[in-house]
Each structure stands twice: as structure tokens, then as C-alpha cells.
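The structures considered in this document are given below.
Consider the two complexes below, in which subunit A is the common component and subunit B and subunit C are the respective partners.
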Partner chain A sequence: MQTIFFLSLLSLFPSFLFSQDSALFTPEKRKAFADHLFCEKDYLRASEEYEGLQSVNKSDSLSYYIGLCFLKMNDYEKAKDYFSQLKNSSLGEESRLLFLKTSFLLNKNIEGESDSSSNQFMNKELKTSFRRLELAAQIKAGMDQTNPLSLNNHFEESDAQILKSFADKFSHPNSKSPFAAALFSTLLPGAGKIYTKNYGDGITSLIVTGLFTFLWYDNFRAGHPTRAWIFAGLTGFFYWGSVYGSYISARNYNLEKEEELNNEFQSYLSSKNYFIPTEIEGSCK
Partner chain B sequence: MKIVWLILVFSFSLFAQTDWQRWQRTEINYSETVNDSKRSYSLHADDPFEFLLKTAAVTYWFFISDVDGDNCPFDPSCSSFFLESVKASNIIEGTLMFADRFTRDFNVLNRSDYRVTRKGRLADPPEKYLLTTVRSKVK
Partner chain C sequence: MKSFWLLFIFLISVETGFAQLQLEKQLTFAESLFVQEKYFDAITEAKRLSFFDITSQYSFRVNSLIAESYRQGGKFSEAVHYFTKAEIAANNVKELFKTKIEIIKINILRRAFYLVDHQLDDMGKDARFAADSSSLQYWRGWNYLFHDDWEKAVETLGKIDSAATLKNICEEVQKKKYSVSFAKGLSVVLPGAGQIYTGNYVSGVLSLGWNVLLGYLTVQAFSADRAFDGMAIGTLLWLRFYNGNLSNAEKFAVEKNELIKNETLDYLQKNYQGLKP
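On to the complex of A and B.
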């Protein structure tokens, strides 16, 4: 019994010897760990560590990094809250720029935000970034005041060209008129769907409506009025379905094109990091 | 007593961290899964007109559709689509949506235009065809 008791104690003590040292949880080490997680792109756990530190020792730098974590995790609402709190802090310029970026990503109207903030930049590079992002937002909103001269003044020539093409697409979208589509299908069933490049459904609609129209006519001619009325009803059913379907097809076509253009623009801006210097989004060695 | 001590000692090993399952980044699947809708055979309705429609639909499902087999390539099926369309809009708009769906059902060459549900059906919710549609539903 004594031997077992002794052996048990012997096996327990090494566990205590290697137990965690409380010095591991000093704020400095925790900050270093949070920075490590941030650089490893583990933004969820990094934000938890920064928030833990923030509850002990509040600082602008921690709020800034928490905002960055949420920005990287695409939680723009939370990121925006953190950056808006820092507008008048020592990290005010960077925060204002990132605040504008989150507003842009949230598809918010940034006109009001930018007007009051654009003159508050001492750093020339950040001011340029701010102006560029502001112009990008104007392009997305399809505003006419995004004149080519302004784009040439603020962007490299290659970027200005691309942005001009985007500005043109946003202000003059290649959309289809739902009313025209419905009208075309009124004149010829399925024509509206063909107009919205929905060729298969358009031709099907023409064939189906045409077939029932023929059956309606043929049964009347052959002296079968009951059957003729049934086919007349079916003709009307598919005819008006085609008119309605064409209207919806054009509406959906426009929504899809709009989404495609938005995604294309977002992808281009993302490749340029929204014209924001990468240094202000957390430096990792 | 011996057993108690042994359990105590071994419990440390049992709850120790394992080294053969290291923490690592999970492979994320970004493809959206679309769940299939289920038919409700309940005759519960908010108004008499809806009750009539549901009765007709349930009768059709019970005596024809279920007996005929699983033929409709869409989800929801055409009959369910009609019920949902009328409920989401009104009898006229719902009927027009149903006529449009029926025409699309004839076209066997457009199957790649739709997202596919878990059970391999073509996802085609009525929300996509409402006049007052929600933008996010149009996919």
C-alpha cells in the first residue's frame, strides 16, 4: 500500500513542476501573443486577446488593433465602431482613413463623412489615400462629378484608365428595360426573354404558346368548341406567363449585372488594397 | 483504496493534451448548401381561399403526385411553387409566376442556370420572381 501511495505521489509531482507559470499572463507577454496571432492571421483569437488586455489597460493602440481584427474578419460594423472612437486620438488620421474604408465596404454614403474629415490630414500620403478612396466611392455611386481630370490628378495613369472605364460602366450600366421586355413578349411570346439573353426560355415560351394557339385554332376549325376553349385558356395562361416572366427576367438580368460589376470593382479595389498604405493595417515582420 | 489511487493517477493522463491531433487551420468549404423544402400536408390556412387552394394541392399530392413519383426537377415543386407564390403575393401574380415556372419546366436545356439543392434538385424559390423581390434572393 505504501509503495503504491509513494509511486502515486511521485507521478503527481512532475505535473506540478511543469505547471504553467503565472508570469506568462503579464500584459506584455499577452500583447506579444496577441501580436503573434495577428501576424498569423488568426484575427478572431487576436481580437479576444486584445479585448482582454483592453479590459485591464485601455489604450488607443489596442482599440486600433481590435478594429483592424474586425476589419480583416469582414465584421465592418464593429470595425467602424472602433475606428470612429479613435477619430480624435493619436491614431486619428489612420483611424479616419480606415473608418472611410469600412463605410465604403458597408456601401454607406461616405459623402458626409469625407467632407468633414478630408481637411484634417497632416500626412500627405494618407490624405492622398483618403481622396482616392473618396473618388472610388463616387465612381461606385455612379456620380457624374467624377471627372477624368480629377482621376488623372489623383491616380497613376494605368489606374486612372481602369477607373474611367468603371466610372463609365457605373454611370451608364448595360441594363435591359423590364417594360420593353414585357412589351416584346406581348407582341411575340418569349421575345422579351430573348431580349434579356435568356434564349432557351424565350424559344420554349414561343413554342409552348404557339403550340397551344395552334391547338385552339385547330379545334375550333374542327368543330370541337369545348376542347378549343380549354386550349384557349391554356394559351392565355402561357401567353401572360411569358409577359410576366419577361419583365422579371429583365429585372433579374439587371440585378445580376449590377452585382457582377460591383464584384469586379470590389475585386479591383481589393487588389489595390483600396488605395490604403498597407503599413497602417498592422505591420508584421 | 488502491483502485481510487490508480484512477486518480490515470485521470491526469486521460485529460492530457494529445499530440497526434495538432491544431491546424480547417479547410473551409465556401460552396453554399441549399436545403430542400418539405411539403406540408397540413390543411391549416389563414383564410378560406388559402384553405381551398391547400385542399386542392394536398389532394393532388396525395392522389397523383406522390403516386406518380418524384418527377419535378425543381425545388419547390411546381405545385408547391404555386401555393407559395400565391401566399407571397396574390392570386393573379401567383398564377402568372406559376405559368412562367411551368414554361421554364418545359425547357430541359436550362438546367445549369440554377443552384442545386442537397438532394440534387434545381433551387428555384418564388421570392426570385416576385415583383417586390428582395435583392439577396436573386441568385
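On to the complex of A and C.
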């Protein structure tokens, strides 16, 4: 009888262990599950789990991972907020570096972000990463003072060469003057478009304006003034259209080239993970 | 010593039982979230269960639930990914068939016609699914229907008695649809006629008017020995309007057909009582 009673008591014990919320929702298990979601790249759910844990027990590590989740989801503003809060924590160096990265990705001027205090690093590798990203931002901003020597000091030779070429392209962009394009088309319809390498449109402009000019002249000569005036109107329309179109074409050319260069630079930086060691962005086995 | 072993075995079995109970509870919880249409949360809880289900005993049910939730949320790629996992974890032929059909249904919705065709062919050759040939035929019909091939849909669905309603709907659509080549042909002979055939009367009349006017101006210029003017008006204006009339006739017929197709799919989605993707 005693044994039965003892066994019954023992059998109740695990039920306390696995009571309603505890079994799968203990902080340790939630953390393990959140880490699993993070590694599965389900960042939205992972961030929710980390935030749930954070509300129970606040920790720098959880904030850091929440920031990482937002960074991976390209929600840079939120990621920046989390990394900003951690600047003076135990994960301060990593956070400062990732804060700089999010600022860079947000296309913000990072001059103010990389002040002297945030530039102090104990970890040499992180310090190098920080300086590299700063230089990349300077290159993107088209700063002439990007010192080639500084690039040689902070990057491998092959990367320094590539970055020098980018620095040159950003500080001296291959742009076309919209006013020059308009002027060229004023002198010869379509010439401005040809100047902006829009050859098809340029030649069409020249032919169409020339044709209508001829029809205008021909109808006047043949004594058809009404038709001649219609063609004169059309000539004027196409002539000024060509002038205005050339101005727009030059502006579009510049925007296109700028976007092309930005994409090329972004893609290069992305291939280098923005010079940031991959370990600090969450390690998954 | 004997009582110690008895106690040990008893404790282990009780603990396993409780762990099992927790997983079962978690599955019920995830399923209840799905029923409440809280698909995001249903996926989270099902993934939690999957993570802690070390023996993978719930693998089929959990992955099916995640896949179904993703499908309801319109995330078809993720749904196929998890249905594939469920397919791997299927415990019998019935579960395997069900999962394969779910994947096919999603692919039909994704308009992956050739992939579905290939998948149905593969299932048709599989001896395990020999008894389900009419079901395969039925989904093939749906695949044709989504591929805008109503003739083949009618032909395929006609072979299954239970799909008579769906077959009749397809036949109706077939009758309603406009012939693109006929619309274009009409506009070749008489500009604007193709547009009128597709019900775009204003566009048809305008097109006819422009072509008559510009044709007249071209002919008049040639008859007055102004060949260059005639060439310019004829090529730059008349020909342009004539070509525009042809492309308009084609565009309107295609648009009308697309509208008929979309209306039918919408009707089927809302009102059709039988199985649907």
C-alpha cells in the first residue's frame, strides 16, 4: 500500500515538470527554438521569439540578435535602433560596426556616426573592418580626399585597386551636361540625343524634323498655305520636342550611370560582406 | 534491487508519456490556430513542435500543417517546400498520394502547366496510384483550365462522370471566347470591324473614320501629282493607323478572352462545390 502511494506521488512529479506552459516554452527552449529559426533564415519569427524572451529577461545578447534579424530582413531603421542601444554594452564593438553598416545601407552620411568614441576598438579585426567600411562610405560619397595611401594601408592590394577605380568613378562621374545636350539639339535636331548615346532617337528626331520642314517648304512652294501651316506647326513641335527631349535624355543618362555605378559598388561590397567578419552576424552550424 | 528497477522503468515511462502529451497538446494548439485562420502563428507553433519532435513522429502532420498555412497565406514556394517534407515523411500510400496532389494543386495555382503535366504523368506511371487514375485525370483537367486550354479541359473532364458540372462550365467558356485570328482578319478587310466584333464599338468606328480620312488624303495627294506628300501621309499616317487597327483588334480579343477566363476562375473559386486547387 505504501509503495503504491509512493509511486503515485512520483508519477505526479513529471506532470509539474511538464505543466501547461513550461515544457516547450521555458526560456532555454524558447532561446534554442529562436536560434533554430534564425539559422533557418526565418528572421521574422526568430525576432518575435527573441522579443518574447526579451520581455521576460532583458539581455544585450537578445537585443543584438533582434537587431541582426532586422538587419537580415533589410529593416535597417529598426536594426540601427537596436545596435545604437548596445554601443556601450558588452557587445559594443560588434554593435558599433553593425550600426555603421546599417547607416551605410540607409545611405546616411556616416561622418557623424564614426566619431572618435565609436572608433575605439580593442579587437583589431573589428577595428580594421570599421575603418574599411568608413573608407567605402567616403568613396561612395565621392570624397576627393579618399587617400590612395589609406586604401593601400587598409586593404589587400587587389581590393585597393578596385576601390581606387571606384573612388575615381564616384569623384569624377562620366556624366553628360543636360544644357549642352539641349544646345546641340537647338543647332541640329537630334544631335543632343546622339551626344547622350541615344542614337536611335537622335536619328529619328533628325529625319522626322527634316521631313516636316521639307513638307512645310514644299506646301508653301506649291501654294497650299493651310497644309504648309499644319506642317510648320508639326516642325516646331518636333524641333522643340527634340531640344527638350535631349535635356531629359542627358538627365536620364546621368541617373542611369549613377545607379549603375551604385549597384556595381553595392554588389562588390556585398560580395565582401561590407568587410565585416561573418561570425559577428550570427553563427549557425 | 528489483523494486529499484521497477521504479526506474516506471519513471521513464511516465516521463516519456508526459513529453508525448506535451507534443500532442502543441499539435492541437497549432491546429486550433490554423482553424482560427491565424496562419502566421500556426506556422510558428507547428515549427516549434517540429523542432522539439526529436523522433519525428509528427513530421507528416506538422509539415502538412505548415505547408497548408503557407498556402493559405499565398506563400506557394514555402508551401511546396513543406509539402515536399511531408511527402518524405508520409507513412503510407494514402498520405503520399494526398501530399503529391497538394503539391500539384499549388503548381496549378502557380500556373506551372508543364511541371504539373510532368508530375501527373509520373504519378500515372506509378503502380501505387493505379486506383486513383480518375483523380489524376480530374487535376489534369484543372491544369488545362488554368492554362486557358478549354478544349482539352472539356475533353479530359468529359472522361470523368463526377466532373460533369465542371465540364459544362468549360464548354460555356469555350463558346463565349472570341477568335483572335477572326477579329484580326475582319480588321484586315474592313478597318474597325475586328474591334466591333469584340464589342468595342467606339474604337471600331473611330478606327474606320481615321482610315477612311487618311486613305482619302493619300489618294488625293497622288491624284494631284504630289507623290511625296502622298508617300508621307500614306506611310507616316495611314499605314500607322491601319497597323494600329490590326493590333487593336488583336489586343481587344485577347483582353476579352482574358476577362472571360478570369471571371470563370473567380466564379469557380467562389461557387464551385467540388474539389479545386
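Convention: the second predicted complex is superposed on the first by the 259 of 285 C-alpha atoms of A that agree within 3 Å, B and C clash if a C-alpha of one lies under 4 Å from a C-alpha of the other, contacts with A are read in each partner's own complex, and residues count from 1 in each chain.
Definition applied: a contact is a pair of C-beta atoms (placed from the backbone, for glycine too) under 8 Å apart; a residue touches a chain by one contact, two chains touch by 3 or more.
These numbers come from a predicted model, not from an experiment.
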item	value
First, second, both or neither for A:24, with subunit B first and subunit C second	second
Touching partner for A:232 - first (subunit B), second (subunit C), both, neither	neither
Which superposed partner A:200 touches (first subunit B, second subunit C, both, neither)	first
Which of subunit B and subunit C A:36 touches, first, second, both or neither	second
First (subunit B), second (subunit C), both or neither touched by A:191	neither
First, second, both or neither for A:248, with subunit B first and subunit C second	first
Which of subunit B and subunit C A:160 touches, first, second, both or neither	neither
Set of subunit A residues, in rising order, touched by both subunit B and subunit C	11, 15
Residues of subunit B that touch subunit A when the two form their complex	1-2, 5-6, 8-9, 12, 93, 95-100, 102-104, 106-107, 109-110, 128-129, 131, 133, 135, 138
In the complex with subunit B, residue positions of subunit A that touch it	1, 4-5, 8, 11-12, 15, 200-201, 203-205, 207-208, 237-238, 240-245, 248, 251-252, 255-256
Residues of subunit C defined as touching subunit A within the complex	3, 7, 10-11, 14-15, 18-19, 21-22, 26, 43-44, 47-49, 51-52, 226, 228-229, 232, 236
Residues of subunit A defined as touching subunit C within the complex	3, 7, 10-11, 14-15, 17-18, 23-24, 29, 32-33, 36-37, 42, 45, 48, 211, 214-215, 218-219, 222, 227
